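Following are the structures in question.
After this come two complexes, each holding chain A, first together with chain B and then together with chain C.
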Partner chain A sequence: MSLCHSYMPNYFSIDDILSSQERVSCKIEVKLPGLGYLDVSSESPDLQSGTKLDLPHWLAYPMNSRTHPFVSIEVPKIYKEAYREILTADACAVALNKWSCYFYEFGIHLAQYEHSDCNLIQDLLLQAFKSRFRLVMDWAHNTGTDPTVGLQLPILERKLFLTGRKSRCLLISWLKEGGGSIETSEMVANHKKRKRAELEDENT
Partner chain B sequence: MFGEKALELIKELERSAEGIPPFNDDGIRQVLEEMRILCQANFDDIENPTTDPPNYSSVRVRHMAISRNKRCILAYLYNRLQKIRQMRWEFGSILPPEIKSLLSEPEVQWFTSYSKALATYMRSIGDNYGLNLATDVTPPKSLYIEVRCLVDYGKLDLEDGEVIFLKKNSQYLLPRAECEGLVRQGVLQHVTS
Partner chain C sequence: MDPNEVEFLGEKQLVTIIPSFTFNQIHLISGSIGPFRAGLPTQVPIWLAVNLKQQQKCRIVGQEWMDAKLLIDVKDEEKTSKFFTKMPSDHYMDETLMLLGVAPEDIPQAEEIRTIVKDLWDIRMSKLRTSVDAFMKSDSAFAKLDHLTPMEINCIRPSLPHALDQRDRIQTCGSRPRDSQDTQRS
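Moving on to the complex of A and B:
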């Protein structure tokens, strides 16, 4: 069992930690003494083989390693045939964040497993991203877009959307004023807003 | 399930993406306690194996949980430090008391020593005159700019010895270099018409 798999984009990445928390349903293959408490429904002190459990990816992946697998895994349904067909039909019409907020990141994690369903995941992600990217770009560049639309996107697309939007705003202000004006720091501005809100709360 | 408490810490960070959450002393302690219990269980399993031949599968599972907890704690501390470093550039070398109360004691110390290191560095460059890296974040267009005062700030000593009194809602034409910091701190507003 190898514990060292590389971390993307780095060891401290919050998004990577949260995306590796997504759950994979597993079947225990080897009896694990003393870990019975992982399965809430059983009262035995040991985790018996054959138990089905939803384990987070960070635990499931090393347990499913090639040489000594403790568990066998099942690919979540959103990456399986039926859902794949929905995405192939029209990826833009899907509210991907309802499937999973970390659709892409978790998909990349899943593609590392040795499982027959996992080979197709990479292609699926690429196709889905390619067809949705134009839509996200359009939203980011169009001033008429409702800014809350970003909240309906999975994390990867949401970040792209917000970055695109920000750079668009910067471009507009540069074209209008030629730049050079000094702005209040972003953190200071946010801090003031919060302070004002607290003051108003106290007054009411 | 393992690592729940540690995940809570990470989620706290994620929720307050634009600010910094109060340092969760209690959360950290609980995670460390969980790691200690897991570690102890591993030692017990290795020293007194219950089965023959010994079955070390559980030891591995616990070890993964320990590694995960470690990663979460380190990520929590590291990402906070990144934010605190950014604050040095945005708020300046003195933090507002409301923000300071969100930091832990070692973090405040880190901020002070970072500030000190930065100041030493800025003094050492620029041909013996020192160079303030926090000024001119955007390229200046003119030496003087028009600013409006947003709060009753009080006295401001200018470099040429003149002292002016910054009052709320009044406008001044000031040397850019001397008021940039105040604009960044939200005391003044740069008026462009």
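Moving on to the complex of A and C:
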């Protein structure tokens, strides 16, 4: 197995881009001229203040800046009191995937907003992640598990599950069959080394 | 890491063999081996022992700790102790698999040893799983586990390091100052 890194959002990360597409419900605070087309139900060319809209996170976040908030946001219900209580009761029993595929990723995005409920999101995510880790690890380490079980997990846990499972399968096959042959690591194979033959060509 | 790679590291351990041929000393990068005198025990790395055994050129004398009685004691101690106890060898699992796999007839009580080592491995793995879980649930940033062998450490990779990375991400997400981002954007 090649050296594998854990997931970190970056500019090119598709999961990060997709997670910023999740919708946040917003209330428009200032009249926004010429943006009426965002609200399909209204006929006026301008976006009136007081309108409620579901905007994707990447749009809502800059519009909710602290100095000039154009919109005020409302935290999605899955991060609110009622759902928080469900998680506190037993996080392992919940199919988080049904709530949101990007439960953790979106939560991390939301925690950056200036909103009273947002401060609690981080704690909620942390508690949920900690108590569910055992479940994910047990699934990954138990080879009897159905491989499709990973689809019930949100993206962040699914990645952990898949890498854990992969290393487990390698270990099981080692225990059963003993060592096979070691392969050249990908990094070494891809390393652009000047071949001796080429060097000799240059010299002549 | 691959279990094969850990096994590769374990192959450097020395084991005693009784060669059935005579040969001069061999000089290798890691050190000299031999000389081989037929019938006289000598110490060689496991990879060479396995190779010679496959060619029927030697008899393997098991490691000193490959003794059912001693291993039962180790197992009992492991069972009663709350922590990990010191193993007779850092590569006990890989050595057992390699040596017993290639020369089960040379080592007395091979089947018993195999079973006990497997039990030992299972006890330690379940201990490891419990402590990893306790560590995740606690808020501590580090944990100290003595006497874990490379193969066991490799078992919780990459799950545990990756999970800790993610825990760290969630822990630091709220503390990122927003104003600095805004100024960067404008």
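Following the convention adopted for this analysis, the second predicted complex is superposed on the first by the 166 of 204 C-alpha atoms of A that agree within 3 Å, B and C clash if a C-alpha of one lies under 4 Å from a C-alpha of the other, contacts with A are read in each partner's own complex, and residues count from 1 in each chain.
Quick note on the criterion: a residue touches a chain if its C-beta (ideal position, glycine included) is under 8 Å from a C-beta of that chain, and two chains touch if they have at least 3 such contacts.
Please read all numbers here as calculations on a predicted model, not as lab measurements.
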For A:98, using the defined touch cut-off, is the partner it touches chain B, chain C, both, or neither? Pick first, second, both or neither. neither
Is A:108 contacted by the first partner chain B, the second partner chain C, both or neither? second
Please work out whether A:38 is in contact with chain B alone, chain C alone, both, or neither, and reply first, second, both or neither. first
Touching A:189, do we find chain B (first), chain C (second), both, or neither? first
If you stack the two complexes on chain A, which partner ends up touching A:62: first (chain B), second (chain C), both, or neither? both
Contacts for A:52 in the overlay, against chain B (first) and chain C (second): which applies, first, second, both or neither? neither
Is there a shared patch on chain A that both chain B and chain C touch, and which residues make it up? 1, 62, 178-182
Spell out the part of chain C that touches chain A in their complex, as residue ranges. 1-5, 7-8, 97-98, 101, 129, 132-133, 136-137, 154-155, 157-159, 161-163, 165-167, 169-171, 173-174, 176, 178-179, 182, 185
Residue numbers on chain A that touch chain C, as the complex places them: 1, 4, 6-8, 62, 65-67, 104, 107-108, 111-112, 114, 118-119, 121-122, 125-126, 129-131, 133-134, 136-138, 140-141, 156, 159-160, 163-164, 167, 170-171, 174-175, 178-182
If we count contacts the way the header does, which residues on chain B are in touch with chain A in the complex? 1-3, 7, 10-11, 13-14, 18-19, 41, 45, 50-51, 55, 57-58, 60-65, 67-68, 71-72, 74-75, 78-79, 86-87, 89-91, 96, 98-99, 137-141, 145, 176, 180, 183-186, 189-190, 192
Hey, which residues of chain A end up touching chain B in the complex? 1, 3, 11-14, 17-18, 21, 30-35, 38, 56, 58-59, 62-63, 70, 177-192, 194-195
